[in-house]
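We call the chains A, B, C and D, going by the order they appear; numbering starts again at 1 in every chain.
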Amino acid sequence: MKKYLVEFIGTFFLVLAIGMAVVIPGLGNFAPLAIGLALMVIVYAGGHISGAHYNPAVTIAVWLRGRCATSDIAPYIAAQLLGSIAASHVALYLKDNQVLTPSEMNVTHAFIAELLGTFALVYVILNVATAKSTAGNSFYGLAIGMTVAAMAFAFGGISGGVFNPAVAVGVTIMHLAKLSNIWIYLVANFGAAIIAALTFKFLNPEDK
Amino acid sequence: MKKYLVEFIGTFFLVLAIGMAVVIPGLGNFAPLAIGLALMVIVYAGGHISGAHYNPAVTIAVWLRGRCATSDIAPYIAAQLLGSIAASHVALYLKDNQVLTPSEMNVTHAFIAELLGTFALVYVILNVATAKSTAGNSFYGLAIGMTVAAMAFAFGGISGGVFNPAVAVGVTIMHLAKLSNIWIYLVANFGAAIIAALTFKFLNPEDK
Amino acid sequence: MKKYLVEFIGTFFLVLAIGMAVVIPGLGNFAPLAIGLALMVIVYAGGHISGAHYNPAVTIAVWLRGRCATSDIAPYIAAQLLGSIAASHVALYLKDNQVLTPSEMNVTHAFIAELLGTFALVYVILNVATAKSTAGNSFYGLAIGMTVAAMAFAFGGISGGVFNPAVAVGVTIMHLAKLSNIWIYLVANFGAAIIAALTFKFLNPEDK
Amino acid sequence: MKKYLVEFIGTFFLVLAIGMAVVIPGLGNFAPLAIGLALMVIVYAGGHISGAHYNPAVTIAVWLRGRCATSDIAPYIAAQLLGSIAASHVALYLKDNQVLTPSEMNVTHAFIAELLGTFALVYVILNVATAKSTAGNSFYGLAIGMTVAAMAFAFGGISGGVFNPAVAVGVTIMHLAKLSNIWIYLVANFGAAIIAALTFKFLNPEDK
């Protein structure tokens, strides 16, 4: 139960940071940094309790890697989705429910961007937060948060820089992405997470 | 006595950074980063002596969590207020006492923003700087300072991004906030700190 | 084989971050930060497997310093070049193959800038990631990534801020630099790496 | 001899970063970050050899605190000055020797700004890099570099944000400050360093 509350709180503040950064008036090029820093601090705060996934694709990848109990998958994802939905409504309320028109995306470009960005995120997470060779380090939150910042700097203009199915739900609620495009995020994010988990296992065969 | 001097110095430089960043001509979107970095470095400098609260709401939360002596509460808060008042006057002097007109705030929005931002700050602090599971880490200052940066990116346009009753006094002296709104900060910051302390205790029941 | 894949992945994401940051519409002064953060996270992710060179000049320097097997030099550099070439084509594709005209450079200035920037990068890497006195630290990725950021802030307008022969190939493919100027990068980057390795050995004589 | 070379290299890159960041065309509000990051990485690279002062005022403070041999003071300061002078000329050359007109400063304001900023810098350095209670941490470079960034964000518009007598010489050579104002930096920087060293000794009486 404690773990699920931590996942709720963490995803809530991640999505809140996204909503406040990009809903009008936005932070422009500061948004990737603001969002990455929010993820960083909430990873440092919650990692010792829940592992600080805050992302259904990460939960699946950590499970494939053998660091998440099967019985935790459903409640983790539920907590993440609830956190995202709650934060989206708070952000909309604080921004006076301004209705934005999501910008058009090139679907193929966006799919590739989400695939690459999520692969990078999960690849970094598994190596800095679950590998035996890096155990006990103090940089895991910095690495994870700044991966989202770096990938959002790279891909924000292509796909919005989501890399997280729970965030995909949140940005759809906040009118930052079209509902008809949500499959891009779901397929690319989960798909990339699985590829990254398999890559990690190939690269670290002795690390069970 | 040494601890109180450290609290004075730390709060002085935090409020000075705020005053210099936002009093005309301001740093714009760099202000949250400039302020968060100032907090980060002063946390790293003073943590080993006073615990580096620099915030009356944090002092109350750390006391509730059992890591601050009851006899330290009053002198800690007094030192923080003195540091804030001194820094406010230095910033005003260096900025040639330009009198700003505080921007109008939506009181309900500002209250929610301060409540959420302060909850995040205290939640992060208790988990990275007082939890047994994260003892000995090198990231506590980074996490604490960047929480203020992330929350100020999110809420700076809503409430000013104060999250700290001593800072609330300072920004009021510097004409960045109205005296008639200071209750928003006091109630929301202390209230959020208490909620965050109770949340921490619920999440870490074995960590006395 | 695993090490080479890590070098491919790391260099791929480094060059992808560069391509996405500077190809139109670019990130402006955020580009050095975006690129440095990308390098930082990929160093943290791959350091425990391959040493996280992602740069042929670094591979040569690490070999001179005695921390890279001679048999690894060729496959490391091949993997880095393949990663850079792949990323360059992905970035061009995602940017709709816009053809840029590389800006003119003062050759002497660019050569000095690349020499100094690469010296700084290799000097930092050898000291933070291979010196016995700093073993076990958590800051190596931060130091390495932010050296590229700092040197790109300094020299971006002079030479493009490459500091890496694999990146030189990538920026040439992406029309960010002229093919006729690629020798500047190759000579200055490898030359500076050798000077930095000799400097390290002079400064740390007991550290074999 | 090795220590002095490290001090030369470190101060060289610090002053070079300053020159390239602020000489036309400058980085604007990115300059404090660019400069602070440059200091951070060069502290991480050289700390294990020379202590990474790169600043005559820091050398005096570390000597007062008992962590610098008296016989090292003169060669350390000489190496720092040589590094600064060399870097200033390189920056001028790379910027085509554009002659700037230093902006006017309010002498009293500038003196106070340099006093406060240098106090913060030395206070942070002594606590994170020489105190027994923080020994073995991974954050010392981050804290030191970002103190300069935070203080330069705060005071850049008042005094230029120098906080370092060797940098004062460099910015005077680069026409960023008037020769007639150099006493402000020398007096304020050394004065603040002495005050900070005495403050450290008062706060850490058992730490000899």
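What we mean here is this: a contact is a pair of C-beta atoms (placed from the backbone, for glycine too) under 8 Å apart; a residue touches a chain by one contact, two chains touch by 3 or more.
None of the values given here were measured: they were computed from a predicted structure.
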item	value
Far-end chain from chain A, centres as C-alpha averages	D
Same vs different contact residues, chain B with chain D, by half of numbers used	different
Whole-Å gap separating chain B and chain D, where each centre is the average of the chain's CA atoms	27
Geometric centre distance via CA averages, chain D-chain A, whole Å	39
For chain C, residues that touch 2 or more chains besides their own	33, 138-139, 142
Touch list for chain A against partner chain B, complex	2, 5-6, 9, 13, 16-17, 20-21, 25, 27-28, 30, 33-34, 37-38, 40-42, 44-46, 48-49, 90, 93-94, 138-139, 141-142
Touching residues (chain side chain B, partner chain A) in the complex	29, 32-33, 36, 109, 112-113, 116, 120, 123-124, 127-128, 131, 133-134, 137-139, 142-144, 146-147, 149-151, 153-155, 157-158, 199, 202-204
